[in-house]
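Labels A, B and C are assigned to the chains in the order they are written; within every chain, residues are numbered from 1.
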Amino acid sequence: MSDTQWPRWEVFKQDTPNKPHQAVGSVHAADPLHALLTARNVFVRRPQAVSLWVAPASAIFSVTQEELAEGPKPSPESTGVAGAYLLFRKTSHKRSMTFVDYVGQLEAPSPQAALEQALRQFTDAEALAWWVIPASSVVRSEESPETVESWFAPAKEKTYKQQSYYGVVGTHTSKLRGRGGADES
Amino acid sequence: MPGKFGTPTDPDYALRLAEFEARIARGEKIEPGDWMPEEYRRQLVRMISQHAHSEVVGMLPEGAWITRAPSLKRKMILIAKVQDEAGHGQYLYHAAETLGISREEMLEALLSGRAKYSSIFNYPTLTWADIGTIGWLVDGAAIKNQTMLAQCSYGPYSRAMVRICAEETFHHKQGKEMVIAYAKGTPKQRQMAQDAINRWWWPALMMLGPHDADSPNSEVLIRWGVKTKSNDTVRQEFINEHAPEILATGLSLPDPELHQDPQGNWRHGPINWEEFWSVVGGNGPMNKERLEARRRAHTEGAWVREALEAYAAKKSPIPMAV
Amino acid sequence: MSPKAQAALIAKLTALADDELILSHRDSEWTGHGPILEEDIALANIAQDELGHASTWLSLRQALDGTDPDRLAFFRDAEEFRCAQLLELPKGDWAFTMLRQYLFDRYELHWLSAATASTYPPVAEAAAKILREERFHLQHTQAWVERLGQGTEESNRRLQAALEGQWGYAQQLFVPLPGEEILVGEGIVPELRRLKEDWLENVTRHLQASGLKLPLPPGYQPHSREHHTEHLWSLLAEMQSVARWDAEARIW
């Protein structure tokens, strides 16, 4: 078997129960459970999270606004089946740590059809990019309180990773200007 | 995907380039799948993968001190910091992957010695105070660059940078806190801190890149919103912040010509670019060891990666279109 | 608490902390050298968690006798440490590290679950808190054992070799300290002998399901935490080298 870095899985993190799952990046992992565990290790080093989803990058049908304007885009063959699809959408060019947010699930004969349906259904904001993912390929963290406590709560106590832990150290630059610099702080 | 990455020989290149530059001017982010000049893609792959390699190689000089950290708190902080560097490498490889290059290809480039990474990691960490000094100076310089790159026109790179900046500020602060504590500590601690500052000050200035006049990629990168400031501008910001803060601890800086000009800018003496290019060229004290450590980890990990693939093939095959 | 019970509790807290501290140290040796970036990050999480647990147990000791946790970690000699020998063994290959972590996580899960019922509230609270992280560790290392056991011939062989090397050492986790029966009698800590049955049943089932050969001949089984492997001295010499480098230093 040839050596690889394992397949890529996109990771979706939900920060609080009232917020949507958001695409935060990807992990390389070998199988679904491993991908989910890895996502927790990589993306929950800091608060905060209450739920994680992962999906193989190869199962994602992605379309940008620019691509939409150019006409239909063929979706990946491996995923072109009827069933439930999860829809994710990007709506802002603002600086952010996340890309597309979860907007909802719908039944469709193909990813392309799911996208067309989404364009009619989710019209509350301009869409700059879409991801369409078969629900069957999404792996989700357990929702039990025990799992949430075990996977997501401890990060809140690792305060040494927060800059606020170090308080104000030294004298701020603004106070030093023009003082020649050699004073004791 | 053909046609996504435009070259000047394409019939519609001028038109598409104008649209592309107008998008950037409007503050829009370019996302994977959008049209972009092949040169934009090439420059981004070069920068992002170099940046990712720097994070990964950058784990080594500090990682070597995890087992010697002198208190429970420092040990915890250092594991978390070096772990963050792995995480940052991971985010950045992801950003580069969206441009159609695989992690395997990037790693191969690193391990074969073809790819570059920040030459500062080819300096040795000689004492424990180097850990604080790297946090304060090297991460301090890196943050200046990263804050700028968080504005970058390419969506995935910008997002990686926003996340990295949010995490990295702790690296800077823990280093600064440590050096300040040692500057006020015992004579041995103070001496150790001074020695570390002496060794890391110049490499930190160099790591922000050659002077603008000698930086061939800068112009196009600024036009396409990848970089928003020149190397010299970023370097000046770094010195203006760090020089007075370090001097305020009672430690000195190894530059007899360092002074503040009437505009308030701290001016440095001449940088030894010969040393810089020599280290970039592979002749730094640690170039060979750093690469060797990465190669060893990769080689020794091969059976592990194979084992998990074999397990997955038996248990849960997934569509592998990539 | 009687003076005798207090002395026994101080000894127990120290042993709990030493296990975590030395395991964390061994895990942290992988930082920067893992088989893939993602796993580097994963193991660094575990190393931080275990180090955090060491600090927790040491702070419980500090509340009893005022000893500074850093003094205990960085200024005690090897013969004063009370870690189990399993945790001192060099990190070995990835199979060795994952298996040790799994065997230890499984033991900790049983111990902590029982210790949440401690009659000494600080132990019960600490156990409940640590238990949260250990649940995730166990999911992680259990998954790794299964994958290495059922992966390739090579990964199975390496894991089996690790198991044969660690099996006897792992039994020491269930050897009580001198005087521990006082704490058990007062309901402060769980009785190890009972936990061992659960542990043995669980690990045997999972290891066998992962394609490993059990039962194993017990081999060398360390019986006292006063004795150590030849590795502990050099581990501590490295770990304590900076802290001891400047006798005058008060703050690190």
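Here, a residue touches a chain if its C-beta (ideal position, glycine included) is under 8 Å from a C-beta of that chain, and two chains touch if they have at least 3 such contacts.
Not measured: the values here are computed from a predicted model.
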What's the farthest chain from subunit B if centres are computed as the mean of the Cα atoms?
C
Between B-C and A-C, flag the pair that has more C-beta pairs in contact.
B-C
Geometric centre distance via CA averages, subunit B-subunit A, whole Å:
23
Between subunit A and subunit C, what is the gap in Å from one C-alpha centre to the other?
34
Which subunit C residues reach two or more other chains?
36-39, 41, 45, 48, 52, 147, 152
Residues of subunit A that touch two or more other chains: which are they?
1, 5-6, 27-28, 30-31, 34, 42, 45, 158
Do you know which subunit B residues sit against two or more other chains?
76, 80, 83, 87, 90, 302, 305-306, 308-311, 315
Touching residues of subunit A toward subunit C in the complex: what are they?
1, 5-6, 27-31, 33-34, 37-38, 40-42, 45, 146, 149-151, 153-154, 158
Listed in rising order, subunit B residues that touch subunit C in their complex are 56, 59-60, 63, 66-72, 74-76, 79-80, 82-83, 86-87, 89-90, 93, 128, 181, 185-189, 293, 296-297, 300-311, 314-315
If you look only at subunit C, which of its residues touch subunit A in the complex?
36-39, 41-42, 45, 48-49, 52, 132-133, 135-136, 139-140, 143, 147, 152
For the complex, give me every residue of subunit A touching subunit B.
1, 3-8, 24-28, 30-32, 34, 42, 45-46, 56-59, 62-64, 66-67, 76-79, 90, 93, 95-99, 128-129, 137, 158, 160-163, 165-166, 169-171, 173, 176-185
Considering the complex alone, what residue numbers of subunit B touch subunit A?
27-29, 31-35, 73, 76-77, 80, 83-84, 87, 90-91, 94, 97, 102-104, 107, 150-151, 155-156, 158-160, 162-163, 166-167, 169-170, 172-174, 176-177, 180, 240-241, 243-245, 247-250, 260, 264, 302, 305-306, 308-312, 315-316, 318-322
